[in-house]
Amino acid sequence: MIVVLKQNPNQTQLDYLINWLEGKNISIHTSVGDSHMILGLVGDTSKLDADLISALDIVESVKRVQEPYKNANRKFHPEETIIKVGDTQIGGGTLTLMAGPCSVETEEQMIAVAKAVKASGATMLRGGAFKPRTSPYAFQGLGAEGLRLLKLAKQETGLPIVTEIMEISQLPLFDDVDVIQVGTRNMQNFNLLKELGAQKKPVMIKRGMSATYEEWLMSAEYVMSQGNENVILCERGIRTYESYTRNTLDLSAIPVLKHLSHFPVIVDPSHATGKSSLVPPMAMAAVGGGADGLIIEVHNDPAKAWCDGPQSLNPVQFDKLSRKLIAMKDFMNSLED
Amino acid sequence: MIVVLKQNPNQTQLDYLINWLEGKNISIHTSVGDSHMILGLVGDTSKLDADLISALDIVESVKRVQEPYKNANRKFHPEETIIKVGDTQIGGGTLTLMAGPCSVETEEQMIAVAKAVKASGATMLRGGAFKPRTSPYAFQGLGAEGLRLLKLAKQETGLPIVTEIMEISQLPLFDDVDVIQVGTRNMQNFNLLKELGAQKKPVMIKRGMSATYEEWLMSAEYVMSQGNENVILCERGIRTYESYTRNTLDLSAIPVLKHLSHFPVIVDPSHATGKSSLVPPMAMAAVGGGADGLIIEVHNDPAKAWCDGPQSLNPVQFDKLSRKLIAMKDFMNSLED
Amino acid sequence: MIVVLKQNPNQTQLDYLINWLEGKNISIHTSVGDSHMILGLVGDTSKLDADLISALDIVESVKRVQEPYKNANRKFHPEETIIKVGDTQIGGGTLTLMAGPCSVETEEQMIAVAKAVKASGATMLRGGAFKPRTSPYAFQGLGAEGLRLLKLAKQETGLPIVTEIMEISQLPLFDDVDVIQVGTRNMQNFNLLKELGAQKKPVMIKRGMSATYEEWLMSAEYVMSQGNENVILCERGIRTYESYTRNTLDLSAIPVLKHLSHFPVIVDPSHATGKSSLVPPMAMAAVGGGADGLIIEVHNDPAKAWCDGPQSLNPVQFDKLSRKLIAMKDFMNSLED
Amino acid sequence: MIVVLKQNPNQTQLDYLINWLEGKNISIHTSVGDSHMILGLVGDTSKLDADLISALDIVESVKRVQEPYKNANRKFHPEETIIKVGDTQIGGGTLTLMAGPCSVETEEQMIAVAKAVKASGATMLRGGAFKPRTSPYAFQGLGAEGLRLLKLAKQETGLPIVTEIMEISQLPLFDDVDVIQVGTRNMQNFNLLKELGAQKKPVMIKRGMSATYEEWLMSAEYVMSQGNENVILCERGIRTYESYTRNTLDLSAIPVLKHLSHFPVIVDPSHATGKSSLVPPMAMAAVGGGADGLIIEVHNDPAKAWCDGPQSLNPVQFDKLSRKLIAMKDFMNSLED
């Protein structure tokens, strides 16, 4: 950690700071420039609060040299995290395809869509039982009944399930769920993250609407700090000024997260773009950029096709895309040599 | 609600849509242009899901004419909401000054800072007992003990208390709290909002880090939809590309929210700017822009002054600012005539 | 165009508006809802100023149904634009690889880098002669001498040249340039765009730092409105709150622009990410997403390797990437069937 | 400047760097931590290119301790810049009120609006002769004729004129203009800035749509570096995700710019908010926050009132606001003691 002091710092305060740091077994290298004095702090600075030091009257700015996350850090955990789910795995060169409807609605719907996406190559089934909705008047999901229907579809097809939790008290209902999803609005619900860290199911953390990479990794750190190492990160677009797409899909997140951390990275082109016509090209781009998988909305009821979300594909569209994605991943893997 | 159709829409799908709408007692005015057909929907469109309609193959776009919030809407609730708290009120021409430390630490600290800010004109005491922290390794607040210390300071000074809740299970601890704060990361924690709507204490909702005005008002609507009308909105800056300030304080929120809704609007210049030197000018600007009050961080321990947040004022600075703010509010009120 | 009126509009003003519109050969369909009256304007609304109408006291909002760009619009110009440059073309299924140094420095440098990138498969040579720099004290480029060196490299290798213009008065120097680049800071330098529209060389318009797709297409419209149809669009990242990358590369721009317009789309992963390690994965992602080409910074002086921009590849890195990109484009083209 | 090296840096490259720096009369303080080595560079680092150094293979990051601007820097130019214009001044405790129509249209309009705003207390007349428009088909301003009409209004009322330049070649037409405005889209038109630095008229630089404070000050530095010290900065809102207002007015810019630099700061609430009803509260907030003045759009033709921009006030509204602003500035000045 580097501390840049203001010009002509008060000597009493400076002595106070230095004593305090030395009391924490930090040694200090002083560098006096023409206009500023700089302190280089050497030792275990991971527990120093940078905000606290930068608040000192005599301090101009503080710069961390080391990342604030440890368990999530590639430097201290160089091997890639691979997560076993049912007969499949997430990470390690595999292409994970999570597919299914936005909301769980009926048994017929879930069985039909699960069979369809499995036939097209999907490796996991998605579907929302608890739905975070901007309006209190909008449909909030089937809840426990939705989880029951997901379980039926899993039994029927063998596809592992990924679905969203919204609150700690719902956790007992997630026994048959294979991957627990933390939604974008809960990425910094720290109480929820700690609770999910204290159990063993894999946790997929969607990026907050305007979360930095570092904040996102700190949320993964919350889960890991409680003992659960099975974390997956899901890029789903960030909020920018551009309104043509619902969000701006940030595919640079893929190589950045793979460099900074060791987690599998999944991309959600459906929620990121909000337009079904943009899902195929952005899914292909994600695989080209090195993603470990995708989570894609697929609806299946032709009579009510017009009722589904504007970002959903129908099974025929998904089938066509899925085949291209699998071919693309094979192509990418062939390049690695 | 206006529905713009794509060019040459499929007639079967169009009939399907029109029947479905008419089944919901919506009447439809059709307008045929050179390149597009437009449907004007007349009736109670508040329960129609715009996303759902815009997903139709034949639909190009949908535009709401009415706001999606009802209880929060100034149009349906023209009188200003005024909230009584202890001997004071929030809104209605009063200047609310919430002041106190970022975190509750010790009894001495809390009593001393409470007495100091009261003497300077503060009308409420703030202080964090549950602290949302980006890092799992940072101090997470004193919790229940912090609430006990806040209560002591309230007994000593008579100042009502405002403090943050992070999770539903903490609610029983908030009996002596006067205003419950929902933090920026929980603005769309819908389960928490509903629970706070089902009790009667006033709820102050801080703006989400990248929340639109409409999303913010929909969060207020969540609380009101459960029966609690005592909502306060707190602008605390939004996340932009500018990194010199911690966030970008959006003071336009004040007149916009007062136009769209009927709630008191409080401004938090401390967290918005992250720099104590910017707190006084931005507090003055907020009152100039019509804010009903401010929430300001004040620390009080001179020996550890350097330990407090970079955005905190000391009691002497707060005293000087407070007097200016009160004079400014008087000046502003004198202009209203 | 749809005009939503405020509640109870003043009848005199409404008559005034209707007369004014009818005077412009616009016919008006009126739709009266419970709370709002809506006017549907039919006719050639492309020359109506939406801002002007929305300024009316009686108007709540205005919504365009048609895009404000004509020449740039895919609807009126369905065939893809393909641009011939030297022996190569941009668009039409080809992979354009523009490569070269950030700044033109010396003859040796330019000849060497041009030969190297050509051998690796580059189809055009890039290099900055006029350099927009944030600081007046930074190196501003070699200017006319830089253009001379680019020309030498072109003569030596046969590679067409793309380089940036900063100001109208520089145009006479661009005789030997094959594609004129408009930089991100000049995307809305309308005088420059008009001048470039009045000549015949292809113009590559980089996206403004925070430009919407529509604004970007309107800049293309400026060029086309003066008679020059040879426009290329270059996505180079937008400014967001994320600071780990220099900008946020928005690859959704590729399918969006190809849907809305007919221009070739080039991607610049070097400036977008600002980190050489992110250039290969983002270049691959761009081709996966359907880009027509890439513009990539390559330096070539091993002795001063550390002097080049952090986003530049060296020739060995570029060679490896180039082969992968060409294989990827072949793979993508093979899927089209 | 601080250079943080990567772990285990290559010794040859490190020696190369150190020699190169010492050749520039920079002395180096080395600090070796547990995981990183840090170089503190002492001497005149203002001409070192941080990007260049951060590109070194052995360098992890570079941090400037000193700002990259000199002439614009409050540290080296502590006295506030006060600019004399006609009988008035900008800065130094004065309230500058620039008012007038968006576009110059007719002689009658200009004379009438100039007389009206003068009577209400305006100190300068604004009006656009060259208009940057997103669409090539929109009215682009009267040009030279517009400047002639502004001059007439100035002769009639004595009000100094502020108006926008779009291109270097227009400069000879600006002889009778008192303050030359650089628009938001030209904030980084470096050729234009240099040209305006080489003449003596005051230059008002509007903030770029997504410009940082530092970039903005570097644009002021461009003007000052050529010898013109008469720079004014104008905050006009930045682009964010919020679309209810046209831009997000960033009033924190006022105290930040006054801390970092010495220029007068003007605020444009009309373009920032895009809504006339938000102009008065935001203008008041700006004066409360310490602004030196405002630039406000005022239209004057009642018969065509509906034709003006949605952000324009009429003369009666401006008169009411102007009186409040003057009273507010007096109130603020009375507090300074």
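Should a chain be cited, it is by its letter among A, B, C and D, assigned in written order, with residues numbered from 1 in that chain.
To be clear about the criterion, a residue touches a chain if its C-beta (ideal position, glycine included) is under 8 Å from a C-beta of that chain, and two chains touch if they have at least 3 such contacts.
All figures in this text were calculated on a predicted structure; none of them were measured in a lab.
Copies chain A and chain C of the same sequence differ by a rotation of 180 degrees once their CA atoms are superposed, given in steps of 5.
Using CA-based centroids throughout, the chain positioned farthest away from chain B is C. A straight line joining the Cα centres of chain B and chain D is 31 Å long. Between chain A and chain D the centroid-to-centroid distance comes to 39 Å (mean Cα coordinates, whole Å). Per-chain Cα centroids separate chain A from chain B by 27 Å.
In chain D, the positions touching at least two other chains are 210, 239-241, 243. Because contacts link each chain to all the remaining chains, their graph is best described as complete.
On chain A, the positions that touch chain D within their shared complex are 2, 4, 29, 31-36, 38, 40-44, 60, 63, 65-66, 239-241, 243. Every residue of chain D that touches chain B in the complex is listed here, in rising order: 210, 212-214, 238, 240-245, 248-252, 254-256, 259, 272-273, 277-278, 281-282, 284-290, 324, 327-328, 331-332, 335.
In the complex of the two chains, the chain A residues touching chain B come out as 13, 16-17, 46-47, 49, 51-52, 54-59, 68, 132-138, 140, 166-169, 185-186, 188-192, 194, 208-210, 215, 218, 221-222, 225-226, 239, 305-310, 312.
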